[in-house]
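Each of the two complexes below includes chain A, the first together with chain B, the second together with chain C.
Showing the complex of A and B:
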């Protein structure tokens, strides 16, 4: 990337961030609903922490924190990708293409907004739930690692959703994937440890990438700031992000070639 | 090789089975305002999108600002300004923010960005609204901002795709003035429009495109002169139309008329009107409406394509009062 294309990407990232935070109707629900589910889960499933297979936790919220973070990040990433599709629909994408902007900068600029939102929402969830018992065993370093992990998960999911946006050019199609993500979330270890599951549910949760994203952050929350926990929290989303970026870039090139 | 800033040779574009552009040749000379006139779906925007590198031609070549639109697309993009009809302006951003973004996209150094943006905002009369979100702008303000955005890098060639569609008359006049001013400063302008009056008022030369082909090209005054005779338009009962046509055809070539009206190019000039009325009366044709029009671009269009430009009767006039959307207006023919 040249100096100019980095400058372009940063400017586009600033735009997508401003755009996101200027739509409170989109941002606020993606903060409120995961917190609501957390408190609901805490009151409904608080006693499940004593079940065999449940890890040792100070409260259900401590266990749930990782699931809350991933849930919020999923919301935000879909919103960011839907904004890319809207750019395609309303012609702003053409405005960018008619300028000498780096083509990958257009994609990365959009994703930069999602990444910042992912980091921001992760921090909000941690600090909102800490007073209610969502302890982070890994301390302040763990919190920083969790925020980085949230940002990387945003990048991974945002890139995958952006592929849908670039493929279809339809914000409805992107938003239509959200129920699928929600189903994936419920078929993961976001709300209960895999050790308490059985049968097909346990098998699906085992293969479900969301389980691995959640468990990486959860390791920091429960196990402390260990090399293994940090690696799981950061490397798993990073690996998924790299694959997702390759797919998104390929969709971008396909769209450009189709013109 | 000609060094004209816009040259297209045998430009063709297919969309699956649809041939949207069927071999366009055109040359726009430096310092011209070139009007590209045609109805919706004629292929105007497709041609502009190819010339601005947004679409690849299926075949043929085009050079803009001296660069091939396919091989040197990035150089073309650095040299041209583009204001597309269907390219939205982000409503969540302010005018000043969008100009800053555009400046970065065109590689303008940070030190120059603010000065350039301020100059352009003043030029298009948006200084006071610069810090407001675009969602609060009127249609005219958005178009003026769009124009300012397209000028941030001081391009030598400017593409304006239907720049005044949907604007109120005052906004239209303001934009026309700005286009003239830019042109006087040396900018070559290619303007697509479906408004006859706009092409007539602004363009040094025009090309009429219909069904993907250029059917007429030249200076408006020459094109109008080529039509020659003035057009007599009459309206009559539908059951008397055949009789009327027979009578009219003895005075010149029949020309299309809008909305059921009949037209004829009077070979003998306007002095023949009384003879026409007498002959129609003798043939038992009851004339409900009659008007005589000097040759206009509408006549040129009608002669070239066999039909009147859709909306030519209701396209808004810059001098009329009206709302944002074009209101139905009386015939504009014969204005120039």
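Showing the complex of A and C:
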């Protein structure tokens, strides 16, 4: 990457970040809903923490923290990718192509906004739930690792959703993937531990990548700052992000060729 | 015939005409709604898929809840099937508001208002069409629920109570959705419709019984009338030994909640329609 392309990527990154933060109506729901579900879950399932198979936690909220983070980051990433599709729909993407802008900068600049928002929303979820019993056993180092993990999850999901945006060029199609994410989330261990599930549900949750993203962060929250917990929290989303970026880049190249 | 008799006869005829016109117009609107369902299945399928998804995902993910001491059933699908049905019914109801917003935006509604159609039929017709759709959804949910292991504990009454609750929730949702659509006349109303229904439903016994809840939710759910509707809906799906099992005391609260909320929400819709006319 040349100095110029880094500058262009940073400029596009700044644009996409400001875009997200300047339109609170777009992103606030992705923060309010997960927080609401956390408090709802804490009151609904508070007594379930004594069930066999449930990990040792100080409160349901401590267990739920990881699910809340992933839920918020998933929904926020869809908004970021929908903005890329909107750029394609309203012609801004074509204007970028007509200018001597770095091609990968278009994609990475857009994803930078999602990554920053992912890190920001993770921090908000942690500090909003901390006073109500969502303790982080791993302490401040764990919180930093969780924020990095949130940013990486955002990068991974943002890149996957950007592939949809680049392939279809339709913000409606990107928003249409929302129910799919919702289904994946509910068939994962985001709200209840896999150990308490049985049969086909336990199998699906075991294969579901969302379960592994959630459990990585949860390990930091419940087990403390250990090498294995940190590796799970950071390496799993990093691996998914690398694969997703390759897919997104290939979709970008296809769109460039078709243009 | 003297003048007074003529006026009185005319009034009776007018009233009969009005009644016939209302029913005929409502019938046409029901037909239109059902034709739309057949022609645009993409709009109906989510209404059908949502309760199934709710039922399947909740009963699988929260299966362990049934192991809590005092949980009213040992089958999680028995507990979550009425929730799925209620969610489907609620969103079928508020879905009317979405259709109305589309009709208001594309001018169809102005044409209806210009025609000599009874105003009441503009509300009665769509609500009755929703009842038909909700009944179809309920049949589908009962079949899938049965395949997943849901077993009624009070025979046919189990299905009847769940269906009555679903029809009630859809009527409340419809009145609320239509009222908001008449007031806002654009998609701003849609967000309020979804959010308010979602919050009202979940801040009740939607997920767990009152005995299992703790903290603020217990306080809110205890006074939320939707809790009574869920008690009605689930009365034939919980164990016979449970305190929520089918009995008049577990049913009447739900029926009253449905009647009162339906009247209030439909009045809200009528008043909002009158505001447009003014």
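Simple rule for what comes next: the second predicted complex is superposed on the first by the 259 of 259 C-alpha atoms of A that agree within 3 Å, B and C clash if a C-alpha of one lies under 4 Å from a C-alpha of the other, contacts with A are read in each partner's own complex, and residues count from 1 in each chain.
The rule is short, and it goes like this: a residue touches a chain if its C-beta (ideal position, glycine included) is under 8 Å from a C-beta of that chain, and two chains touch if they have at least 3 such contacts.
Here the structure is a predicted model, which is why all the values come from computation and not from measurement.
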Thinking of the overlay built on chain A, is A:187 touched by chain B (first), by chain C (second), by both, or by neither? second
Identify the partner contact of A:18: answer first if only chain B is touched, second if only chain C is, both if each is, neither if none is. first
Kindly classify A:48 by the partners it touches after superposition: chain B alone (first), chain C alone (second), both, or neither? second
Going by the contact rule set out at the top, does A:78 touch chain B (first), chain C (second), both, or neither? neither
For A:96, decide between first (touching chain B), second (touching chain C), both and neither. first
Tell me the contact category for A:7 with respect to chain B and chain C: first, second, both or neither. first
Look at A:145 in the shared chain and tell me whether it touches chain B only, chain C only, both, or neither; answer first, second, both or neither. neither
Between chain B and chain C, which residues of chain A are contacted by each of them? none
For chain B, which residues are in contact with chain A within the complex? 52-56, 74, 77-78, 82, 84, 86-90, 92-93, 97, 100-102, 104-107, 133, 149
Spell out the part of chain C that touches chain A in their complex, as residue ranges. 46, 53, 57-58, 60-65, 67-68, 199, 202-203, 207-208, 212-218
Contact residues on chain A for chain C in the complex? 36, 39-40, 42-48, 51-54, 179, 183, 186-187, 191-192, 196-201, 204-205
Residues of chain A defined as touching chain B within the complex: 4, 7-8, 11-12, 14-15, 18-19, 22-23, 90-92, 94-101, 259
